[in-house]
Amino acid sequence: MKFEKTVKWLDSVLEPWKFDDVSNNGVQIERCGDDVKTVAFAVDASVKSIRSAVDAGAQMLVVHHGISWGGGIKRLTGGQYNAVKAAMDGNLALYASHLPLDANAKVGNNVHLAREFALKNLKPAFSYHGNILGFTGTLESVVKLPGGGLADRVEFRGALAAIGKKKALKIGVCSGGAGEFAVEAKALGCDLYVTGEASWADVIAAENCGAAMVCLGHYETEVFGVRALAGAMKRELGIKTVDLT
Amino acid sequence: MKFEKTVKWLDSVLEPWKFDDVSNNGVQIERCGDDVKTVAFAVDASVKSIRSAVDAGAQMLVVHHGISWGGGIKRLTGGQYNAVKAAMDGNLALYASHLPLDANAKVGNNVHLAREFALKNLKPAFSYHGNILGFTGTLESVVKLPGGGLADRVEFRGALAAIGKKKALKIGVCSGGAGEFAVEAKALGCDLYVTGEASWADVIAAENCGAAMVCLGHYETEVFGVRALAGAMKRELGIKTVDLT
Amino acid sequence: MKFEKTVKWLDSVLEPWKFDDVSNNGVQIERCGDDVKTVAFAVDASVKSIRSAVDAGAQMLVVHHGISWGGGIKRLTGGQYNAVKAAMDGNLALYASHLPLDANAKVGNNVHLAREFALKNLKPAFSYHGNILGFTGTLESVVKLPGGGLADRVEFRGALAAIGKKKALKIGVCSGGAGEFAVEAKALGCDLYVTGEASWADVIAAENCGAAMVCLGHYETEVFGVRALAGAMKRELGIKTVDLT
Amino acid sequence: MKFEKTVKWLDSVLEPWKFDDVSNNGVQIERCGDDVKTVAFAVDASVKSIRSAVDAGAQMLVVHHGISWGGGIKRLTGGQYNAVKAAMDGNLALYASHLPLDANAKVGNNVHLAREFALKNLKPAFSYHGNILGFTGTLESVVKLPGGGLADRVEFRGALAAIGKKKALKIGVCSGGAGEFAVEAKALGCDLYVTGEASWADVIAAENCGAAMVCLGHYETEVFGVRALAGAMKRELGIKTVDLT
Amino acid sequence: MKFEKTVKWLDSVLEPWKFDDVSNNGVQIERCGDDVKTVAFAVDASVKSIRSAVDAGAQMLVVHHGISWGGGIKRLTGGQYNAVKAAMDGNLALYASHLPLDANAKVGNNVHLAREFALKNLKPAFSYHGNILGFTGTLESVVKLPGGGLADRVEFRGALAAIGKKKALKIGVCSGGAGEFAVEAKALGCDLYVTGEASWADVIAAENCGAAMVCLGHYETEVFGVRALAGAMKRELGIKTVDLT
Amino acid sequence: MKFEKTVKWLDSVLEPWKFDDVSNNGVQIERCGDDVKTVAFAVDASVKSIRSAVDAGAQMLVVHHGISWGGGIKRLTGGQYNAVKAAMDGNLALYASHLPLDANAKVGNNVHLAREFALKNLKPAFSYHGNILGFTGTLESVVKLPGGGLADRVEFRGALAAIGKKKALKIGVCSGGAGEFAVEAKALGCDLYVTGEASWADVIAAENCGAAMVCLGHYETEVFGVRALAGAMKRELGIKTVDLT
């Protein structure tokens, strides 16, 4: 598989040009040579996941959190040196997709997070710089909750218990560090808002307006889109993929 | 005590004009009437702490996290309506001090956080928009650690254990949501960096450069300055204070 | 009437999302309780008009000039404390509409200001940040001028006299503090430009290019849209309205 | 007199480099030839005052309000064409001094405005972008008010009457369009704030906090510094000056 | 011919409103009197070309590089005084068109620059702030190169020779100071990129990615659109034009 | 020699913290291992000079133009990939110094450029974002010009000839792409301004005010400081240096 063809497929699926994102989405590190046999997938472009991708024989690593944000990399020192050095020594290309992978209707983190909780009647919600990222949906009955996975986590079960025994709950979901949307979820009538990570300021803001929020981990809520993207690439391009999540 | 005199004392101790802060420090809500008999102190200007202050008979609430940040309050709706309504109904004035209370040499969150760990040889460190906020210091021997308090927390003990049995450790401390300084702490030679709250991005950045960080709670690390300020006001102004932390 | 329904009606008439406005249009202060029986209307959210609205038994005050502009309210002190306190003590909600109420084709300040002068052949003119706010029109004959109202004001009569006895005059109108458009009115061929308030810099700019301008009062030129909006709400929602202009 | 020497004298008196001003202070239009025999002084660089200066035989016009503000002159069309054309046809140089002329301790608009009202105990007040522009002072007894001039204006007398018969009044003064400082004057304990021009928003803001303000004309309050500067130049450089105020 | 009609024709051909340009395109200097008999055309609004236009009896000068950029003209001193004085003394209006004249499909600098090299299969390329300015095209055979003109310049012949004897070359062209596009031309598969002027930083950037670039002069590459626009005005308006390139 | 010690020496000589520079001065690429035996010096961090430094056995390359400007490196692709890859493969650290190396009083590009022309009475001139970069000086007699070097270049000799046979010329110098200062040099009374590179806009601006400017090459005028810095490091640190200019 040509490197350029792989990149074009990722761009056509994720459509990064539609997003006003602080992540510099797309190819963040090139490689020498145009052939791609194995593509690894991870949430973060950490030194650890870069080394794992190289060890797994990958020529390319696709991540949700890349190494270049905003203006870019000011200095290749410390952790940023380590990450780039690991990629270059392993001749590994890096492709990043932040908001496009959160919001994607088919392989996105948020649509798959909603499925973790078996939500019905999904409606797009929670807008950020012109893009709608997450969803609201209905949890039809607490007893029907899927076993295993995030829906089984103590925090989540505790939050449901705190709400009480309504027959149908309205739940808002947005993966990662999206605690700021708890207030909007409340305004949309949600009984509970599920995200990955919230700052203390988000927590107080939610408390002040009586919004219920549960945080299930930044990383833990963002593996779903990464895995779905890997699956889609394997099916559609027939290329070997490695899941590092 | 006159309201104006209380405010002047707070300003003279905290010197808000020296800080480039996103918090609009100082008086954020006025009150009717100029007399102040009781001053309450809390970390957050939450609806809950505002109501507690009113219930405690306070005319004024001093907080670390106020209700007006950056450009200010766009709409008095939801949680912001609830907070302002509670203060106005209770005729309670609100005074906020964010970075000035973190960095203060005598009553600051960070100098008192350093004391929690019995650090010696304190040196100012961790600069934000022109102000140095935190400290590095030496933890002379693990066995001498003060019992109780944050130094006894499982996470902190675990982090020390992970470092091993050096005789003297260099520790960096900065209260609240200051995970971004873990990388700088490593560059300054710290064995461990202690803060309140870190985003997932901070965690990965620390991991990539091998920096050890432990997060002990945004709120938990910011009660110390609030208490110290209350103590100083009681001593110096002879006014009744109420600690809501 | 539900509060939410009243707000939705105002939004649907005024369409605030179409305007790039320094005013934070929409609900600026909430209230406790969802019922709305009486809605008051005023040009300014002054302490005086807020108190009048409460005295008139209103649950909601609709104004052209609200209390939250740009980044918002930095401190609830002085006049801003007084205004918010008065609203909260009276449990009065505040809804503001600045440029949307100037430019509205049916209930706008400017279309009704043009009617005050019986202008014909109205054409939209005077663009501000992508929205056209005012109008040019033809004053067919000086003798046909409506009696009473702004058209009878000495300044206006004097300006007409200074122009002389043309059969048809081209007049530009834009309510409020819009003296900056006098130059554009001249370029559009207007014989006279009518506004509410002009700064000294506007006056010199107009004089330098020979533009004739008359200022009839910021407040005086902005009562018309406020009244028209009140009339429309009464007709369409069947709710009691109070005109405080 | 050399043109360059005249400019250096103006710069040394007014020190434009000390001000963060939206006016591009200093020489705004050059001239051909280096000799300066007569210098005219006016508040505004209007077409009218430029022509008057040329008619009076001046080679240079010094003004408070020039023709270049902020980024500069975008297009030499309309009134800006007329002003520049008049200056160039008359071979007249233009020197502007905005905030430096307001704030100057010896020849400033504001110190001389304070003298108009015979204020005692002048203290600098009203800061704008790092410069203190105006003053507060004491009006010792109403009967001692100087006759003639602005102190005799009906609005001013009316404002004094509204305050009542205190023996000593605290007055704040700032010339031109400085209505925004009325609120600060109130906070400084002033009984009355005197300025030239206030926007409707300034009026409402003052009213909401109970601040008394009187506006005596943008132009009328700014002739004093212009005249004082002309007098100083005549004395110190021995050059012919023409007062166009 | 009326001045206004000439300006409208230029605007309708060049459509300046479609461009986000640092040049303040359109009329930059007015004139007295509305008649236009002769229009001069030049690349730059230099003192020299303004004087030549006046000497040629023109009432209007159309240029690619005007005198007003960004915020505008801060001071009419030095070279800017000389240029405006020359125009005003000669009663010459100035009309500028920067990016609109580069990008125009019929009379643009870049389409005519592409014709200089007899390029086939022109495709728009090289985007700047939302507008596509230049072209890529095919140079079918080196021997078919047109004699005379820029295609005969030593630098250009040398660049072709360096590439070697391919039958068909892909060439990117963008007139003026557009060296920054050399890197993009390489990414588009161009064998050579032709522009007017490149900074040293552009040269190093091109060298680092192996992009071949040749610079044929900022002025020399921008005469073509100016001449084409003059020709079009003569044909369509039947007005006398003078080519000062 | 320790890497850290070498960097500290460079920082202490060049004082990058004193400059508001678009270059991210200091260490731009780290290396593995702390020992530095040989330091190479070049004007540009091009792929070519990086490879030459590695071939010369250097562990560190010091340059005037680094690879990280403004926000930083957005993507490690194309030429930026090639440069970073070459440095990382060669385990070469990169240190950049832009304005600090231009302006340095001892080892700066501009003071040594002034020496190339044997200028006397050097005075700092040409300010950029708060730092004075270049110099004016006196060329006492044309016949005393040093032979060889830039002073012998045809363009420079031609510029002197165009000025004529004054006994003493005032010359302004500023290395690199500093054509914008030609106008200021004229205002300072310079007969000639010498720089490396000027844009076409700079040339027209200089021509319009009659300023004489000669451009001797961006690279050619910036080798002097680089060489002087290499010499100083060799003398003061006793380390092997390699001059790649």
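Note that the chains are named A, B, C, D, E and F in the order they appear, and that numbering of residues resets to 1 at the start of each chain.
In this section, a contact is a pair of C-beta atoms (placed from the backbone, for glycine too) under 8 Å apart; a residue touches a chain by one contact, two chains touch by 3 or more.
Just so we're clear, the structure is a prediction, and the values are computed from it rather than from any experiment.
Using the contact threshold fixed earlier, the set of chains in contact with both chain C and chain F is empty.
Least step count on the touch graph, chain A to chain D: 3.
Centre to centre, using the average C-alpha position, chain E and chain F are separated by 32 Å.
Chain centres here are Cα means. That of chain A falls 47 Å from that of chain E. Chain B and chain C have Cα centroids lying 46 Å from one another. Residues of chain D found to touch two or more other chains are 78. Chain contacts in this assembly form a single closed ring in which each chain touches exactly two others. A single ring links the chains, and its order as traced from chain E towards chain F is E, F, A, B, C, D.
On the chain F side of its complex with chain E, the touching residues are 44, 46-48, 65, 78-80, 82-83, 176-177, 183, 186-187, 196-197, 199-201, 204-210, 218-219.
Residue ranges on chain C touching chain B, taken from their complex, read 24, 26-30, 32, 68, 70-78, 81, 84-85, 88-89.
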